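Here chain A shows up in two complexes: once beside chain B, once beside chain C.
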Partner chain A sequence: MVALSEGEKHFIRGGIEQDIRTDGRRRLQFRALSVETGVIPQANGSARVRLGGTEIITSVKAELGKPSILHPDQGKVSIFVDCSPTAEPMFEGRGSEELSAELSVALQRCLLGGKSGAGAAIDLSSLIVVEGKVCWDLYIDGLVISSDGNLLDALAAAIKVALSDTGIPKVNVSLSAASDEEPEVDVSDEEFLQFDTSSVPVIITLTKVGRHYIIDATSEEESQMSSAVSVSVNRHGQICGLTKRGGAGLDPSVIFDMISVAKHVSQQFMSLLDSEIAAAEAEAAE
Partner chain B sequence: MEYVNPLTGFRVDGRRPNEMRQLKGEVGVVARADGSALFEMGNTRVIAAVYGPREIQNRGQQVNSNEALVRCEYRMAEFSTGDRRRKPKGDRRSTEISLVIRQTMEASILTHLMPRSQIDIFVQVLQADGGTRSACINAATLALADAGIPMRDIVTSCSAGYLCSTPLLDLNYIEDSAGGPDVTVGILTKMDKVTLLQMDAKLPMDTFENVMELAIEGCKAIATYIREVLLENTKRLECQRG
Partner chain C sequence: MKGLHLSLNQTQRVRLDTALQELQSLAPAAASAAAVTVADTIPVNQEDNILKGHGTVDQDGEVVATLCGVVERVNKLVYVRTLQARYKPEVGDIIVGRVIEIAPKRWRLEINFSQDAVLMLSSMNLPDGIQRRRTAVDELNMRGIFVENDVICAEVRGFQHDGSLHLQARSEKYGKLERGQLLTVPPYLVKRKKQHFHHLMQYNVDLILGCNGFIWVGEHVVVGEKTKTTGDQQKSSTEAENFTPLETRKHICRLANAVRVLSALGFTLTVELIIETAEASASSNVEINDMLGAEFYVQTAEREAKRRADLLRKKNGAR
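After this line comes the complex of A and B, so read on.
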């Protein structure tokens, strides 16, 4: 929880009004981003993303499973978020459940598409090994280590980085003659297939404070927000998901305005993230 | 299974029986916490964060108003174990380890200096490969020191076991699940006092002495390392002050 005095509140609001925030940033400027890959050797892919004081670790684990009866030609992806009490004492025990669930659902909405799997950022049919029999189950786990606002954007960025780091083992299937038998699966531990992460969107949250909106809000700034809109945008500038939080209502024209700003910012953020991923991969390869 | 190669005397991961895994400690990893640390023992990796001393949040928990209240929570990340399994929060193992860490740390904190206040220690396991209990205690010590909380001494912990009639220092997950005895020791290094001692399975008295001796040696080595990390950090802070 953030406790602010009247003076501090006034200072934060006034700064946003004048386009100079308390840490010297402009309204549409991100904090320093740092990216590291391969932090969890036990996982198929993992990443640590720091955005100012916010720190996230994500891991991607792939397990062989059975496709659902409704979609025999698709693999399964699930996203879970956990907020560690190291980030905020408030999160101890069951204190983080509500926020964790909110973040998980928002990420699922932005990354996994509809119920049918249409519009998902990850091509679910690429996870199939034997149609109707064997598929990859992808478990994406996000862990909030340190929280200083803008968790959703940082989580989405961390998932994007972790997916680009993920290698799915190559599987050799020896099909038996009888079609109702379980196919024999041989998982290679040397050959890995990389993911196509080009269509994974980033999330840009615009936080409205007073008459203006800012990106990448710190928790002090978030405590002053009236409402926030999270827009997930992919590389082609298409909107993949939208979430509005906060109590105050927004004029539809303002929302359209916010979306176009988010679209513009997302392209900058995406290229920044891409260069960070490339740098992290180069470092990991050394 | 051979846990110690009878010819070369090496263990499954290539260590000698009295060799510890690679240690790594880093202070100040959580930006907003009052004190925080990352501690690695081989593949076991934990983060500890300390909040406090601060006002007691829940007055009902206050036992003695002349001493600080120390609280601890141990949590494992979803991805920390080899096979991914969703466990309910606050399962019995976590509760037990939380309690052990709290009691061990309480023994070294000068609680009487901070009456009517509370200190929270949160440990988060990022990767578990045996010896999480010890790693958590070592991380908590570093984090408490980082938070500037007055302590009697540095508490460190290390485990030792006995497999293939050889005492082994700092068991990893494979050796830990072999079913042999696992002795976890926590000591106050300078005062040479044992604050934590746990063992499962059975062991003859004279062997136990050797194994415990080995674990204490491990604790002392860790304490030396932790002092180095803290000294390095203090030097860095001094440099920053100019």
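After this line comes the complex of A and C, so read on.
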């Protein structure tokens, strides 16, 4: 946990009040974003995202599996987040379990849609190989390398980048076998199918400090928050998920205000992320 | 350059590389020869039997470095001073630290040393400069002076027999720091100077360069009024909060970002260089936040390379 004296806390609160934060940012400004793709060669897709002092690595691993009986026409996606003790000493051992679970659940809500798979950011029916028999299981893992606030936004951005980097091997199914037998599949080493990541949302967290709210809070600023609302918005400006943290209550009108701000900010962030992804892919191709 | 992650475009990368190469070439030959990495051979004169110090090892008759850093020679002793290391205190250093614990008659401070520093209650003078009397009441009121997490500034008094580090704060200028921000940089970037407290009159800002790499940038406090402001604190928190004036805050943030940029580039932090960097950003209309962007890093590196080149030329011209 960050240690701050009364004087420093006062200074941070004053900065947010006066719309000039400790590093000179305005209330609705992000820190510097840097994106790298293909950092883990063994994974199908991976990314490293740095947002100021926060650093995240995500990997996407695809495995062939069996679809569930309830949804024979859909693949499966699971998201796990782990916080490395390098980020903070308190994450050592079981110390990070609570935070990791909280982040995982928030991301699952925002990206995986409902129980039936409807409204998911990733089109689950595109993961099917043979209906009822074979499908792709996607394992999305996030690792927090260093933590300086705003983990959820950074994780969501990193997952978006990793998914855009992901290539699923092309599968050839031999249809000779009888219908109740396991079909034989031949996984190609050369041909890969790219994902459609245009519907993957970004998450914008608005942290309320005093009377105002800020985006991309550092851990010092987060220690001063009364409540935080995370809004996940997709490319069309639609809200895909909403979570609130912190004990203090919020007036409904404030929440509506926050949502409209998040919507506005998300479109800027999305285009920034897109250009960073394009730059990172161009660099990886070199 | 550790921890410098910038998204540079092609031209910026070339410019930064040129600036850094120029800086490298400007460094005196002796300085670049003194820098070693692990497994580098340290040239020594084998005749005068030297003493191998910290970070060196004897390998087949050669002295080899086991750490990355700068080779230091003191008479016969040869050792490696690492750059990415904790602070090594010397008596009389002015440091900035954070209170982590209140123990009987003392505060424990985090100062980026290998152990916690100790500030005894008896090493604090009363506001009017009189020495404290050791009373139980005084001891019970220690939280009235500093509480946990307070940032304070003090002087290194010395080491005790058991190896613990003691501090003192016997003058008005030492004590609690409020209304500002604390930055941490690698300690080797702050050199010991005559002056570590800087009141930047033009900005109404206090800049304290702690020898331990803790740097305080805050609103100027008039010496002697410190005790009064702490008393006001309780009152003001309930009232409308009296924040730092906007103009002063802008200067604080600008100076703080200048420190961040310079330390990320690995330039020695002097008050002149910090002010110069902040001024340069202001005069070229760089927004305070944009100082942490790639372009300003490159500009700062180029400016420093030019400054050092000019300095060298002047020196050679004078000869």
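Following the convention adopted for this analysis, the second predicted complex is superposed on the first by the 285 of 286 C-alpha atoms of A that agree within 3 Å, B and C clash if a C-alpha of one lies under 4 Å from a C-alpha of the other, contacts with A are read in each partner's own complex, and residues count from 1 in each chain.
Here is the rule we use: a residue touches a chain if its C-beta (ideal position, glycine included) is under 8 Å from a C-beta of that chain, and two chains touch if they have at least 3 such contacts.
Since the model is a prediction, treat every value here as computed from it, not as a measurement.
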Fit or clash between chain C and chain B when superposed on chain A: clash
Partner chain in contact with A:10 - chain B first, chain C second, else both or neither: second
First (chain B), second (chain C), both or neither touched by A:41: first
Which superposed partner A:32 touches (first chain B, second chain C, both, neither): second
Which of chain B and chain C A:57 touches, first, second, both or neither: first
Chain B versus chain C as contact partner of A:18, first or second or both or neither: second
Which superposed partner A:192 touches (first chain B, second chain C, both, neither): neither
In the complex with chain A, residue positions of chain B that touch it: 29-33, 36, 43, 47-49, 51, 57, 73, 75, 77-84, 86, 89-90, 120, 122-124, 126-127
Complex interface listing, chain C residues touching chain A: 5-7, 98, 100, 147-151, 176-182, 218, 233, 241, 243-244, 246, 249-250, 253-254, 256-257, 260, 287-289, 291-293
Chain A residues within the chain B interface of the complex: 39-43, 46, 52-53, 55, 57, 59, 61, 63, 80, 82, 84-89, 92-94, 97, 139, 141, 143, 145-148
Chain A residues within the chain C interface of the complex: 3-8, 10-11, 13-15, 17-18, 20-26, 29, 31-35, 50, 276, 279
